[in-house]
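Let me begin by presenting the structure, written as C-alpha cells, before commenting on it.
Here the chain labels run A, B, C and D in written order, and each chain numbers its own residues starting at 1.
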C-alpha cells in the first residue's frame, strides 16, 4: 500500500514538526526563564563562601566575584543569538557554583549515575507494575486485586521522599544493610570488580524505594486498561471462541492495554532526570538530580538552565521515539494518520 | 449525591477529607482552646520531647507542639493543594474544552501549548522557577504548581470534549440554533463534571505532594506551616537520625491519608458513574492513546 | 532514641550479606594497584561537607567545592592566624616590612621551596601570583588592595598601595601562590586545573566525586613531620557524616551536632570528642540605621537590656554563650578587648523601660509609640539554618516577655535575607557577623565613608551607620602601624560600639569539632586549641594542625 | 441545471452539484461528488444507498453542518453562505439524527429538550407557555398522554418514543424542511411503520418538505414521492419512486432493488441481506476512488468508457434520470 506508506510518512513528518517546534519553544523558554526571574548568582556565591568560611568577605573580594559572575549587559536579542549559537556547539556555559567548570562537564559526569539508577528502577517498576496490573485487571475482585489496588492508591499518595527517608533510616541506619550515601565505595578502585559490586550495593536501596513507590501507578493504569479492554468486543469474541485464558490475556487484552502503558513508559523514561531530584537528594547519589538540587541551593543559574534544557530535550526525544513506534504499531494511528499537534 | 454517599469508598474518603478541611478551617482555634497549644509558639524549654500528656505528639527541635503543627499544617497544605488544583483545573478546562470544542486554529494553537506543557519536565520546571523566586510565599508556590500542572487534564478534557462535540445530542442542539457558548456550558461541561471532579481531586493531592516535595528540597515559604515544611524542618534538624519519629511521621501520614481519601472518592465516583469503569478514567486513557 | 549499640557489627554483617562470599576472592584477585589502597589506620579521614565535588582546583574560583583538600596544595604568602588575625605571620614570604608610611610592603620570598611537581618556587612565580589580581581584577577573589607589584631583588618583591595599608595584610593570607609554568596557556575563566601544582605538602592521589585522597610528599619546605602521608576527604552531608563518625570512617568533621554529647561522646567518652571552637563570630541584632525607631539609641539600648542572653543561649547547642558587650570574642581579639567590656549585657528590664522613657517611647498594643506615631517591630532571620530559627524566636520571645513588645518574626531564605541586608531594605535582622582583623571587624560593619544609599547593594556597612567619630577612628587606624595608637583607636571604637550599640550582640557563634581518637589524637578542642583544622582552616593552620596529630596508642 | 420536475414550483431547499471532500491524515476523502437534490413543499424525497455512499453527508450539507467543497445549497432558490447557518436558516431547515438514543442529552428532561428550541426561536415567552407548547408538540407526534412525558428523562423512554421527541423538538422550530437521516433504522421493526405514518402525516397535514435517507428500498417505496440513488458519493439515478424501483435504469439500482426484500415483488429469497450489503460486494475506498463511474469495478456492464469519465445525466422521461453510459448512448446526449 503506497498510500499507507505515504500517510505514515506524513504522520511522521507532522510529529517531527511538533517536536522541532516544541524543542525550539523549550530552548527559548529556557533562555527566558532566568532572564525573567530576579536573582544574582554572585550574591549566592558570596553568601555560600561566607557560610563556608564563617566570615564576611572583604568588600574587594565581593567586588571581584561580582565582576567574575555578574550578569551580561548585552542586548537581549544579541544574548539570544549567542545562546542559540552556543547551544549548537554544545556549549551550555560555565557553572557559577563550580566556577570555572563547564555545565556540560558537570552534567556529563552526573548523567551515567542517574541513567543507571533511575533507568534500571523505572524499567523494573514498569515491568512489575504492568505485570501485576494485567493480572489484577484480568480478574478484578480477586483477593490479590482487592488488596493490591487500594494499596497502590495509598502508595501513590505517600510522598516519595518520605518513604525513601524512612527506608534509609530503617535499612541503612538502624539495620545497616545498606550504605547511607553515595553511589559507590569511595575506597574501591574504579577498575576493580569490588567497585562494581559496590555500585550495585549502593544503588540497591534507592532503586528499591523507587520501584516500591512507582510500581503502584503502573499497576493501576494497567489494571484499568485491561479491565476496559476485556470488555471490548474482540476480547469477548476471543473468549467466546474458546481460546485459553492466558492466550486471550496475552494475545488480545494485555497487548491492547499495553499501548497507553508504553506511552506512559516513554514519558516516564523521559522524566527520569527530573524525577531523580528527590531520590538523589535523599540518598546523596551523585547524579543529575543531586546536581540540580545543588544548582538550586547555589543559585547556579547556568547549571539550572543546562539541566532544564537537557531534561526537556530528553523528554522530547523519548516522546518522539515513543510516538514513532506508536505510528508503526497501532492500527488506529495507521488508519487515521492521527494528529500529533 | 445520595448514591455517592452510600458507596463505602466515597464515604470513607469523604470522612477523611472532611476531617482535613475541618482542621484547615478550625485547626488554630482547636489547638489553642482545646489543646492549649499554639502551633507557632516556640517553647524553647521543651525541645525534642517525645509524646506526653502535655504534648500529645511531642515537640519539635524548636519546641513547637507537633500535634498543633500537624493540625495547622492541614491549612498550609490544603491551601496549596486547593489553589493549585483550582488554577490547574481552570486552565485545563480553558485549554482542553476550548481546543476540543472550537477546533480549527484555536485547537491547533491550544493543543500545541498543551502538548508542549505535557512534554516539559514539570517538576524540574516548578522547582527551578520556585528556586529562582527565592523567598516564595505559599500562594506563589501554589500558583507555580498550578500553572505547570494543567496540561494532562487539558489533554483528557480535549479528547472528551471532541467526542462530546461530535455526539448527536450536541449536534442536534446546535442544529436547533443553540449558541456555542450555551452549548459548552449546558451540553458539554455538565457531561465532563465526573472527569473534571476526578481531575480536581487528583490535582489537589498532586499539589499537596508537589508542595511537600518542593519543601523537602528547600523551596518553600519558611513562615508557613504545612506538612511539607514540617517534614523539611524535621529533615533539616535530623529528626530521623535522632530518632524523633513523632516529629517526622505525622505530617507524612497526613499527606498519605489525604491522598488516599481523594483516591477513594475518585474510585467511588468511577464505580457510580460507570459500573465497569469510570468514564473519566477511560477518557484519560483514550487521551493517552490518542497521543 | 538514638542508635542501637550493636550497629557496627550489624553493618559489618550486612556488608558481608550483600557482597556475600564474593568479596574476599575479589579482593584477592585484584591485588595489583587497587590494593595499594592505604589501610584505614594509616589514613587521616576528614569530612568534606560538599556532597558532590568537581575536580576543580582553579585557585581563583570563588566557588570551587574542593573544600579542605585544597589547603594542602596551595599556600599563601602570609599566614593570618585565626586566633589572632591582627598578627600576620610569615609563610611563603619569610619576612615582610612596611615602608613609605604604609604605602609599600616588601615581601621576602622563602628559600628552598619546591612545588609538588618538583620544580622550585622562583621569584617569577611569586610575582606572577601577586600580579594576577591586578591584571585580572575579576580574579581578585583574595581581595587584595595593592596597585603595583615589582621585584626589587633576587628574592624580594615590593607591593605598592595608594593609601597606607597597614590593615590590608589579611588579603595576603588568602592569596594562592601558583606555578607560572603550570598556568601558562590556560584561560583561568574556563580552566579547572584538575592536577593542581602548589607549594603545599599535598598531591592529589585519587579523585572521585565523593572522595578525594591526598598524599603528602617528602621534601615539603615546612618539614616532613606528619603523622601519616595519607589523607582522605569523604564527601558527605552533615547527617551522613555523623554516622560515618560513629562508624569510625571519619576521624574529624567540623559540624554542629546538637545532641552530640549524648549520641556521640557519651557512647565512648575516651575516644569521642565534640567541642565548640571559638570563631570570633557573633550572632547579633542588626539595625537599619536609616529608619525610625532604629536610629534612636534609646530603643537599641532598651532592646539590648531586655534580652536574657543566657536564656537564649540555652535554646541552642552548648558553646554558644552570651556575647560580651563589645562583640569581640576574647579567644580571637583578646589582646584588644577592654576589661570592662568582657562581661555580657545582663537582663535589666527596669533599665530598658527607663531607656524607652528617656527616648519618649511607649509600648502600646505591642508596638513602639512616640509622638503619636506607631512603629511595629519586624525582625527577619535566616531560614536556612535551624539554629537561627530557634535563636531568633527566643530573642523575639524575650522582648515580648520583658517589654511586651510584639516582634513580627519572618524567616527568609539566605539569598533574600542577604540581599535585603545589602540593599538596606530591612528593619532589624537577626544575623551572624564576623570579619578578619579587629580593624576589619569594625571597618566592614561601620565604615561610613562611601556609604551607599538605601537600595544600592553594599558590601560593607549595610546597616548604613553614619557616625563621624567612627569614621575618624577607622581612618586613623588605617594609616598607622604604631601599636599604641592602634590600641587607643581600638579602645575608642569599642567604646562607641558599647555605648552607641550599632548592633546588639547576643551570642557567640562557634565552629564545631567532632573527632574520634580511634586512630589519631591531638585534635583541636576548646581547651588548648592551637590551630584550626578541616573546612574552616586556612592552609597554614590546616598543615600545622595536621602536624599536631599523633598516632593513637589505644 | 434545468429540471423536469412534475412540480415546477421553486424547491424549498436544494443542493446543486454539491461536492464534499474531507481531509484526513494527509489524504482526501471524496465523500460526495456533484450531488444534486431538490426538496419541495409537501413532497418526500428518499435518498437511497448503502452505508458510506454519502447520503448522510448530503443531509448534513443541506443542514449546513459543514460547508460544501463545491456546488451550492439554495434555500427558496437563493444560494446560502458557506459559514455556520444563522437562526433564520435553522428555523427553516431541521435535521433528525439516526440514533434517538444519542441525540437527546441524557441528563435533560423532555420538556427541556422541547423548551430550548421554542425559546431560541422566540416562539414562547414564559415557562407556562413553553410547557403548553411542548405538550402540543408531543401530541402532534402522537406521544400521549403528552403531559406525562414532559418531565421524563430520555432513559425512561423507548426508542420510538425518543425518536418522536426528537421529531417534536425539530418541529418546535416550525421548519419548512425536515431532513431525516435514517430516522427509523435504529428503531424496533414493530414501530417503524408508526414512524413512517407520522412522517407522512407531517407531509400531508403540514406541507413539510422531507428528505428521507435510508438504505431500505422498501421503506422508501412506502413513504416517499421521489427516490434518488447514491453510490460512493455520486448520484446515479433518480425520479418518481415507482419509475425508479420498477424500472431501475442504473445497474447499481438494479442490484439494490434485487437485494431488497420486497414483498410486492415476492423476491424475499434472502431476507437477511442487510445494509452492509453482504450480497452487494464492497464499496470503494473514497480516499482513492476509481476513475469515471465509481460503480465500474462492480458493474456487470462495465465498459472502457466507464473508466474515462463520469457519465452525464440522461433524462429517461417522466422525471426519471440516470448517470450511466449504457443510457447515455441511447439518448445521444454525450458530454465529457
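In this text, contacts are C-beta pairs under 8 Å (C-beta built on N, C-alpha and C of every residue); 3 or more make two chains touch, one makes a residue touch a chain.
Computed from a predicted model, the values in this text were never measured in an experiment.
**Student:** Going only through chains that touch each other, what is the minimum step count from chain B to chain C?
**Tutor:** The distance in steps between these two chains is 1.
**Student:** Which chain's C-alpha centroid is most distant from that of chain C?
**Tutor:** That would be chain D.
**Student:** Determine the centre-to-centre distance between chain A and chain B, using the mean Cα coordinates as centres, and give it in whole Å.
**Tutor:** 22
**Student:** Please tell me the distance, in whole Å, between the geometric centres of chain A and chain C computed from their C-alpha atoms.
**Tutor:** 39
**Student:** Would you kindly tell me how far, in whole Å, the mean C-alpha position of chain D lies from that of chain A?
**Tutor:** That pair's centroid distance is 55 Å.
**Student:** Go ahead and note the Å separation of the Cα centroids belonging to chain C and chain D.
**Tutor:** Inter-chain centre distance comes to 90 Å.
**Student:** Which positions in chain A are in touch with at least two other chains?
**Tutor:** If we look for residues of chain A contacting two or more partner chains, we find 39, 173, 299, 338.
**Student:** If a residue has to touch 2 or more other chains to count, which residues of chain B qualify?
**Tutor:** Only 134, 218, 240-241 qualify.
**Student:** Mind listing the chain B positions that touch chain A in their complex?
**Tutor:** Its residues touching chain A are 108, 111-112, 115-116, 118-125, 127-129, 131-134, 205, 209, 212-213, 216-219, 231, 235, 240-241, 248, 252, 255-260, 262-264, 267, 276-277, 281-282, 285, 288-291.
**Student:** What part of chain D is in contact with chain B in the complex they form?
**Tutor:** Per the touch definition, chain D meets chain B at residues 63, 65, 87, 90-91, 94-95, 97-99, 102-107, 116-117, 120-121, 166, 169-170, 172-173.
**Student:** Which part of chain A faces chain B closely enough to touch in the complex?
**Tutor:** Against chain B, the touching part of chain A is residues 18, 21-22, 25-26, 29, 33-34, 37-39, 150, 153-154, 156-162, 165-166, 168-169, 173, 221, 224-225, 227-228, 231, 259-260, 263-264, 267, 270-271, 273-275, 277-278, 281, 292-293, 296-297, 299, 301, 304, 307-308, 311-312, 315-316, 319, 323, 326, 330, 332, 338, 340-341.
**Student:** Which residues of chain C touch chain A in the complex?
**Tutor:** Per the stated touch rule, the residues are 3-4, 7-8, 10-11, 13-15, 17-19, 22-23, 26-27, 29-30, 33-34, 37, 51-52, 54, 56, 58, 61-65, 133, 137-145, 170-171, 174, 188-192, 208-211, 232, 234-237, 240, 243-244, 279, 281, 414-415, 418-419, 422, 433-436, 440, 444, 457, 459-460, 509, 511, 535-536.
**Student:** Residues of chain B touching chain C in their complex?
**Tutor:** By the definition above, chain B touches chain C via 42, 44-45, 47-48, 50, 61-63, 134-135, 218, 222-223, 233, 236-238, 240-244.
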